[in-house]
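Going by the order they are written in, the chains are A, B, C, D, E and F; count residues from 1 in each one.
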Amino acid sequence: MKELFIKETITYDGRQLSSHWAYRNFGIQGESIVSFRGPCRVELTEMVDIKDVLSNSPIFSTDMLHFIIEHFDLDLEKTIVRQRLLIATLKDIITEKSGAVLSRYGDDLFFQNRKLTVSIATLTPVSTMIHTGVNVTGKDAPVPAIGLAEIGLDPEEIEDVGRSLLSEYVKEYEQIKMARCKVRGVR
Amino acid sequence: MKELFIKETITYDGRQLSSHWAYRNFGIQGESIVSFRGPCRVELTEMVDIKDVLSNSPIFSTDMLHFIIEHFDLDLEKTIVRQRLLIATLKDIITEKSGAVLSRYGDDLFFQNRKLTVSIATLTPVSTMIHTGVNVTGKDAPVPAIGLAEIGLDPEEIEDVGRSLLSEYVKEYEQIKMARCKVRGVR
Amino acid sequence: MKELFIKETITYDGRQLSSHWAYRNFGIQGESIVSFRGPCRVELTEMVDIKDVLSNSPIFSTDMLHFIIEHFDLDLEKTIVRQRLLIATLKDIITEKSGAVLSRYGDDLFFQNRKLTVSIATLTPVSTMIHTGVNVTGKDAPVPAIGLAEIGLDPEEIEDVGRSLLSEYVKEYEQIKMARCKVRGVR
Amino acid sequence: MKELFIKETITYDGRQLSSHWAYRNFGIQGESIVSFRGPCRVELTEMVDIKDVLSNSPIFSTDMLHFIIEHFDLDLEKTIVRQRLLIATLKDIITEKSGAVLSRYGDDLFFQNRKLTVSIATLTPVSTMIHTGVNVTGKDAPVPAIGLAEIGLDPEEIEDVGRSLLSEYVKEYEQIKMARCKVRGVR
Amino acid sequence: MKELFIKETITYDGRQLSSHWAYRNFGIQGESIVSFRGPCRVELTEMVDIKDVLSNSPIFSTDMLHFIIEHFDLDLEKTIVRQRLLIATLKDIITEKSGAVLSRYGDDLFFQNRKLTVSIATLTPVSTMIHTGVNVTGKDAPVPAIGLAEIGLDPEEIEDVGRSLLSEYVKEYEQIKMARCKVRGVR
Amino acid sequence: MKELFIKETITYDGRQLSSHWAYRNFGIQGESIVSFRGPCRVELTEMVDIKDVLSNSPIFSTDMLHFIIEHFDLDLEKTIVRQRLLIATLKDIITEKSGAVLSRYGDDLFFQNRKLTVSIATLTPVSTMIHTGVNVTGKDAPVPAIGLAEIGLDPEEIEDVGRSLLSEYVKEYEQIKMARCKVRGVR
């Protein structure tokens, strides 16, 4: 599994959540996790969470740290478990860097009842994908929100959060692959 | 998915990690998570982690809080991801109840470089299973270890850790099943 | 698995056979079986059975009792077996309520060589789905057909057929899930 | 998928429910359904239904019409759905030949609240298998039971039931395989 | 699995690589391998190999022997292994008929460093598919290429190559299905 | 995927075809292909090919070049396709090194109607495995056989065949994994 942190600003508008996005844009073939920073504006027509569409809940943030993950298997449930583990890992990284105590509810992180993240996992015809966005600022968000800047991280530390999650996720992925290969079956 | 906390002491010796253990012993049919407290003594012949067998590393603890999970599908990799998420959830519960700051490395929890847990995931002919044991005391352990008692939890709080993880795991499992059903596919 | 009988008339035109139809229209998230009554008119462009498209066989009925089922797994063969079991269950329900002796050939029911039902199973990007329509009247059908009214059921009894199949299918689905969890493997 | 009716009497004692039984004993390689007639005596140690083991419910019949099915895939849930469809098909065949009106509850057939059949589906290391036994006589059974002889079928008709189910099951299996290949996916 | 050699010329333009192509055009329902001869012109918008799209490598040949294969399962990796085996089999057939010694690199065949074939495997919503094209002439190709005519095969022999691969692939497919059913599991 | 050539002589007696053999004996964790040279004597009780057991065909050779492969997934059919591709690759390597023209029939290689290889693929509780043995000498074999020595290879060249197949198999495996990740789906 490959990782890439992109320094340039990219606006997440939902179209990044499509198969081979990392390959088509950055030449990264195979399973990957990519991070970048930028605004988040997903139109209803691009949203994949039907719950959000039904409740007409736009996804919007002026500045986020984004993660795009692609796994080339077709088990959405497995990728949702991976997504939850990603969020738990992200929580630990942010707490370690900022000292802020966060709460995880499913695929969301909160700080003092204010929302820090958005996340979705879905299927493409050839893979499963995850998008996670972490607010840099919670201002102008459609719900009570908070951002990494507001809990005290500077731009360099925010990039560190991104790079740390990339390497932790890849490391854990490789460990899981290996753990698969060290146990005998039981009755 | 069903949960059960057993008040009586049970010695974990590896034979609990076999298919339908909860059904055969407690009448719980279907996917389940069960918790109990008791010593842990796994003979080499019962060990499923070949790494431990090769390094001749016995698994031993005088007192542990145990969890036994059974999922009736056959994807071991998926159950290893579930196991990591279980450990991440356990970490949050212990920190919340004790204030102790723990570190997760894969499927292990540590407090100040002392090992708090053991865990394994494996396949049966009909299901996948997880065992996780949390030291109540780290005394007499074969490696530098610590226990829930030593980080300040009394017996009632230890049972609370068990009950909290049961309900959190079941709740998250149900949420994951539902999250599977709310996203449209993308290109 | 959830069930819903809709009292209002809905025309089945093929667009109901798309992922999350029950969720998007009736707020039912997860696996579901939904029943309603209404005409059936499927244009060639909406038809999913290529055999029918090749033979230019339109699907048309002035009045039908419909069933829409969605399972969130991607094994079409398994859902075709479920479809056959659904039809066998429907046959028993109609016979019990009407006394009419029906014959099942694959996914079709017949009464005295006249066709009573249409049915198809297919894949969406995130799920598998089944549509089954039972003629209320066989008049104006493109093939020799018969309907529930013509074998003696009144509107209330027809609705009863719908409600009975909903509850039988859900009950059997839950039993199958549990039966999965009660057998040991053999050599 | 291959079918075989064996004229000689075989006692079903549970050991027939093991992988490649048809291949090892009758040279039938591949997916198969085999039928024969004979007593049924399954010791607790051979029983695969843990529910029966827990309730200490022996499986016994002095004379049964047996069916052994093997599918070389590992999805037990799918084979349980196949088992239910098999029982529904068996019901229709018996009713057609005897006129007796039977009820199906899951994987069991009843005539006037007396049990006509036993059935189980399970996993081997390489396949999934089904055993279904139909009482020829319900005498001496451990529960209120009835047999094909008691609902009026003579030995030749009983063999006909066996041969009919063999050919119906194989035919339906082939149709299901083909139905898999005639539908386009939908959104 | 069914085979068909089509005598008439067909231009391969990528649209043949879509689900049920053999069924919709030639009435062949189920898994199939079809062969025909004709030019090859795939526009960038029809290309499925993103590597070729990224490198702007058109696929073009004035005359090819084509193979289109469809398997109704959704495991792309398995179908890529099948594709490699197909190419290895094709290599043996061409060598046997022409005496030319070819080299296989992955899914490509070469004769003295000149490319003889193109091939791709992909997913449809209901199946996996393979296209393989063998140059009849390497003239006008975008890379150094060679064709069956240039290594000495006449039109009849070229058709023989097609027919031989059809029957070899179908035979091997059936053998593989049977080999699945003749081994016991091991520890 | 890892490769290992073992210089010491090992007798293949069937017990090498068990899960984690490479890990337990050589510390190689994960998917692997291992080669070594030695006699081959498989007792009937260790044989996994039921066809051979039924025909009472012992597997015996005084000297063979062996390959043991383990993949940690449970799709036996996929591993049988991999086995055929392995044999096709082996054929090319031997021909290149010896000039001998071989024929492949399924999972067997022949030289002038004399058998050069044996091979089997099977399931363990946690993986699928392949054994392939290539005769060094065909003397004393139970069927008309030939060996690598008899077609002119010296001990060093025989080891080269082993090492070449190791690296070719691993290379192709990695290419297949990557090929999985470069195609868009089609309709």
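One rule holds in what follows: a residue touches a chain if its C-beta (ideal position, glycine included) is under 8 Å from a C-beta of that chain, and two chains touch if they have at least 3 such contacts.
As the structure is a prediction and not an experimental result, all values here were calculated from the model.
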| item | value |
| --- | --- |
| Intersection of the contact lists for chain A and chain F | B, E |
| Identity of the chain that, by mean CA position, is farthest from chain B | E |
| Rotational angle, Cα trace of chain B fitted to chain C, multiple of 5° | 180 |
| Furthest chain, CA centroid comparison against chain D | A |
| Between chain D and chain C, distance of the C-alpha-averaged centres to the nearest whole Å | 26 |
| Chain B and chain F, separation of their C-alpha mean positions in angstrom | 40 |
| Residues of chain E touching at least two other chains | 19-20, 23, 29, 50-51, 74, 76, 122-126, 177, 180, 182-185 |
| Category of the chain touch graph - line, ring, star, complete, other | other |
| Full enumeration of touching chain pairs | A-B, A-C, A-E, A-F, B-C, B-D, B-F, C-D, C-E, D-E, D-F, E-F |
| Chain B-touching residues of chain F, taken from the complex the two chains share | 20, 23-24, 27, 29, 74, 125-126 |
| Touching residues on chain C, where the partner in the complex is chain E | 50-51, 54, 74, 76, 123, 125 |
| Complex interface listing, chain D residues touching chain C | 17-19, 48-51, 75-78, 80-82, 84-85, 88-89, 92, 104, 106-107, 120-125, 129, 172, 175-177, 179-180, 182-187 |
| Of chain D, residues touching chain E in the complex | 19-20, 23, 29-31, 72, 124-127, 177-178, 180-185 |
